[in-house]
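Consider the two complexes below, in which chain A is the common component and chain B and chain C are the respective partners.
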Partner chain A sequence: MDLANQSNGAAIKREDALSPARKRARRDEIQALKLAAPGIVWMTLFMVLPMIMVVYVSFWTQTTFAIEPTLTVDSWVRFLTSPTYLDSIVTTLFIWIVVLAATLVIGYPVALLIGLMIRNVTLQTALLVVCIIPFWTSFLIRVIAWRPTLGTEGAINSILINLGLIETPFTSLLFSELAVIIGMAQIYCVFMVGPITFMLARIDHSIIEAARDLGAGFGKIFWRIILPLSLPGVVVGAVFVSVMVLGEFATAAALSGRKVNMLGNIIVSQVGSLKWAFASVAGVILTIIIAIVITTLLRIVNIRKEM
Partner chain B sequence: MESRLLKPALAVYLGLFLLFLYGPMIVMAILSFQGPTGGPQFPIVEWSTYWYQHLFGQISGSRVSQLPVGESLIRSLVLAVMTTIVSTVLGVMAAQAFRTRFAGSGPIFYLFVLGMIVPGVLVGLGMALLSNMLGIDRAWWSTSFVLHVVYTFPFAFLVMLAIFNRFDRSVEEASLSLGVSPAETFRRVTFPMIFPGVLSAMLFSFTLSYDEFSRTLFTSGPRLTLPLSIYGTFSVEIYPNVFAFGVLTTVFSFTLLAIYGLLMMRSVARNNQQYKGQET
Partner chain C sequence: MLTLKSVSRHYGQASAIDGLDLVVPDDSYVSLLGASGSGKTTLLRIIAGFEEPDNGTISLRGARLDGVPPHKRGVGFVFQNFALFPHLSVEDNVAFGLRYREERPVRDKAEVRERVQTILGLVGLEGLGRRAVGAISGGQKQRVALARTLIAEPKIVLLDEPLGALDANLRERMCDELRAIRQRLGISFLHVTGSETEALLMGDQVAVLADGAIAQIAPPDDLFRSPASATVARHLNAFNIISGTVSDGRLRSPVGALALPTGTGARNGQPMSVALPYDGIAVKPRRDEASDGISARFVTAEFKGPSMLSFFRAADGSLIQSLVHLSEPRPPRYEPDQVYALDFDPELLIAFPERAY
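This part shows the complex of A and B:
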């Protein structure tokens, strides 16, 4: 006890006098700040400042071809009272929730197979690589590849007609909400597969064996052990997918034939007609939605604790 | 018993999943060999490499105008190289900084990571507004470039952070205590050890920037990058030359990936050899 007190007192004294160790720690800290400074400056100037600018301009006065820095809430009022723009909020949320559900439903079994069922590490890695390879193709090319696949004279219709399953081709596959959802589900599902696989691969197999020895069926093992343990992966995947889908506009523009207008599409078309203040309002609303979605998702599990 | 049934079922499911993942690309690759009179759909009128020749401007008097890819390809490559260099340097520096706990490191971590989360269309809009207000001309090498780094820097940073986390500090300390200067220590000791990580960070930055589209849309000014040229073809009717182009860019990306793989293998092999040399 006495000894501990003594050494404690000595430590305090040493700190007061700025011991060499303390000095070195200080110098290291300053050195670290210097190394981080370029990144901090870059992100502040080119990310934080533009974001502030969006919020600021959303309160500017919009004239026909220009914006004036006279503050007003006109753009906000017009946006929030127009059914077209309110619809785009609903569309964005609808597409987001459906694509999120689709990626989870499509991706989870794949993750289950790769992460949990296959124990051979080489095969595991190979399958993951096969899932990731499409990412080295341009995103826009992957989107446009759905056109000859879903079109009236596209691959799916040709195959179905040749097999004699249908007489007349489906015409609503392409240029519809469905096409946008299929396209996004394909492009983003790997972001769901990855994190879930990662969490599943960390599950200790002896836990599952213990449950089985104690007489639990697969259903019970899945709901009580596998799903809870993989939940952080689901949340991380959901954050990835949500952030990307909510900010999307290219897939909707290319596959819906301009029928589906998400908030991103509104921003693009408003900028195209030089309605900067209006585009900014849509931008701020999009930011708010994304912030709410991410904080809600992160509240489900404490990711920092789980990782 | 259930799991005995489950495994084959999941294997079949994986096959369907891969078909879902690769199907459209396969369809596109098949249709890129469409004949001159055929459209971007089935059936294939005749098999030919017409649209590939069309892409390289070897067909004159075609009803379809040539894809404006030549110059935009070069722009995209230059932009990707610029982005790769800057974001990798920034990423290595920032990750090196995060090896020491310093005041405010928590918020700064989130500031960095935010760059990969914020939708491109938002920062793009903000950057366009900012350059409008300041009277700066927007161009792919200025306003687009800084946004590309905002996006790729967090990836480089996280990759390097993961590398430094597994890093054996004692080797560095040995060098420093033998009187080698910090700069020389970094060049001769730290850098060779983190080099595989640096390569990964560079690969991330390059592919992300090369394919980046939403951040470029509002900020590139009149001269387009490659993804913007492709996007431009979406609004008009598409022809199989877009598919031929898609196949070629995919082949190009795989070549880059193969080069990366080779460099990585060589780096690992060389490291192993070095250690062997030191042992004897």
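This part shows the complex of A and C:
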């Protein structure tokens, strides 16, 4: 050892001067960098660079059939002054907030049942699996299946007419905002159920028993103990649902008969007609909205504390 | 006064509690001693209402408790793992019952604050009210759990191994404090524990729980002086229990023939167990095989500070323990595997005649 140190010169001597703790820390840092490297490369190539590109392209000059890299704010002005496009922002936000509320209202009781009321872990797991069984079919089938369900001569109308509850079928079930909201709520509900269930399952039952012993009824226990302790799950679920709903286009296209245009639909149709600059504007705006929504959601609760 | 009458609780085939009777008088400290798995936690959960009994009745000051939901029983429960609300501060944990209970919640904020401060003072937590419950020590958590229960002024407080999660030093201090706090409040404590020293130290009365029922309830010194059965004696962890049959006024047992205390008066063939106190044994060099008493091989010894506990293995393989208080002359060092004679005064034996099967 000594011989090697002397012959290898100053570098090794400096290395030796470090305390074992510092050496360990340095080794850990290198290890962490190695682990992060593939992710950093991936994110740079496929997220950071494309996003910069999208912002850049949104300022290019768009003519009917061509696009050229001369910088202009034309596309931005056109987007922000057109009632159609501004409406699509409102539609997107409206559908997002309604779907988010619906998934929460439908999903929370389910999570409460699976995560808190059922104490058998096997049964808990089985029920969670049941929740994701619909995902074994393709996204498209799940969306399209709502057509024969909601249509004028569809399942719901037939049942209601046969039961004698209505005489003329509801015509506004399908190809409406309602259809889009129903379809999305069904598809994305499970993303709310999952995170909330996991948070609820982590609550120690003796805490709830303690609250009961102190005289609190179910309502107070729910609002004061269960809900606050499950809030991180609600926020994570809300982030999942928000990200997916805000960028959605397929459900809206399939169930609204092109009456409901979300930002995603604008992007699809603009890309379809090769209006790259304009699609980029919509893309940038959508990204900004998603960023604001996620930041706001994460403000509600300190996720770091729960990790 | 809390009264349990022939309370039973079964899980499938196994019964955790089986026809248990117990009376906890007002303004008293009762400790409930039971081995792990003896159903002592189940018993507390039944009293608190987290579980209902299959049979029997529970009443508190004349009013039936069974069937009443836990939040309306007026029974305080201190959990073994404290069960503090992790998202609330110490103050908010303590104030929880006052604020959110269904019956007579205290809506006046000033009153809540004042009562919280008073109770925090009582359990020795002044100035810690604003801390998060994750930022305090185990002993402090224990006090928060206690304060949270006491603030609602329950008629009786059930403590489920309350000192189990604390280290030994703290445990002794908390023992004294628990007794002092109870005396100041004048309410009843039912303290469940698996430690005989804790049970004897804490209780005005000690109840021994075995086979799903109360085997004996008595003041600690009575319990120690005259355990009612071999089972009770075994729980006190201070007696060697030796079983055999009576023959010619002596007990024939696998470890040897033992003289019985005068007045035992058992007929021949009577099955009997005797309890031989650990500290009633005099270890002597080996003597003639044929003679009376116990011959046993020395196994090992545990030095316990003020006392020394030695383990001997008798001819039939059973373990016999001998305790020597070191205020007495220090015993010589025993040789491992050497056979010694274990002598004792027969009058020290406590005899438990058993039913013949």
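For the reader, a short list of remarks on this structure follows.
In the analysis below, the second predicted complex is superposed on the first by the 268 of 307 C-alpha atoms of A that agree within 3 Å, B and C clash if a C-alpha of one lies under 4 Å from a C-alpha of the other, contacts with A are read in each partner's own complex, and residues count from 1 in each chain.
Here is the rule we go by: a contact is a pair of C-beta atoms (placed from the backbone, for glycine too) under 8 Å apart; a residue touches a chain by one contact, two chains touch by 3 or more.
Here the structure is a predicted model, which is why all the values come from computation and not from measurement.
Clash-free side-by-side placement of chain B and chain C is the outcome of superposition onto chain A. Looking at the shared chain after the overlay, A:Ile207 reaches chain C, while chain B stays out of its contact range.
After overlaying the two complexes on the shared chain, residue contacts for A:Ala21 are found with neither chain B nor chain C. Figure note: vertex chain A, arms to chain B and chain C, all at CA centres after fitting on chain A; angle 90 degrees, rounded to a multiple of 10. Look at A:Val105: by the touch rule set out above, it reaches neither chain B nor chain C. In the superposition on chain A, A:Ser138 makes contact with chain B only, while chain C stays out of contact range. Touched residues of chain A, counted separately for chain B and chain C, are more numerous for B. When the two structures are aligned on the shared chain, A:Pro228 is found in touch with chain C, with no touch to chain B. In the superposition on chain A, A:Gly217 makes contact with both chain B and chain C.
The gap separating chain B from chain C at its narrowest, counted between C-alpha atoms of the superposed chains, is 7 angstrom. Looking at chain A, you'll find residues 217 touch chain B in one structure and chain C in the other. Those residues of chain A whose C-beta lies close enough to touch chain B in the complex are 28-29, 31-36, 38-40, 42-54, 57, 106, 109-110, 112-114, 117, 127, 130-131, 134-142, 144-149, 151-155, 158, 186, 189-190, 217-219, 243, 246-247, 249-250, 253-254, 264, 267-268, 271, 276, 279-280, 283, 286-287, 290, 294.
Within the complex formed with chain A, the chain C residues making contact are 48-50, 69-72, 75-77, 79, 81, 83-87, 96-97, 100-103, 148-149, 152.
Residues of chain A touching chain C in their complex: 204, 206-207, 209-217, 220-221, 224-225, 228-229.
Chain B contributes residues 2-3, 6-7, 10-11, 13-14, 17-18, 20-25, 27-28, 31, 39-43, 90-91, 93-94, 96-103, 105, 108, 111-112, 114-115, 117-123, 125-130, 132-133, 146-147, 149-150, 153, 157, 207, 211, 213-214, 217-218, 226-227, 230-231, 234, 238, 242-243, 245-246, 249-250, 253-254, 256-257 to its touches with chain A in the complex.
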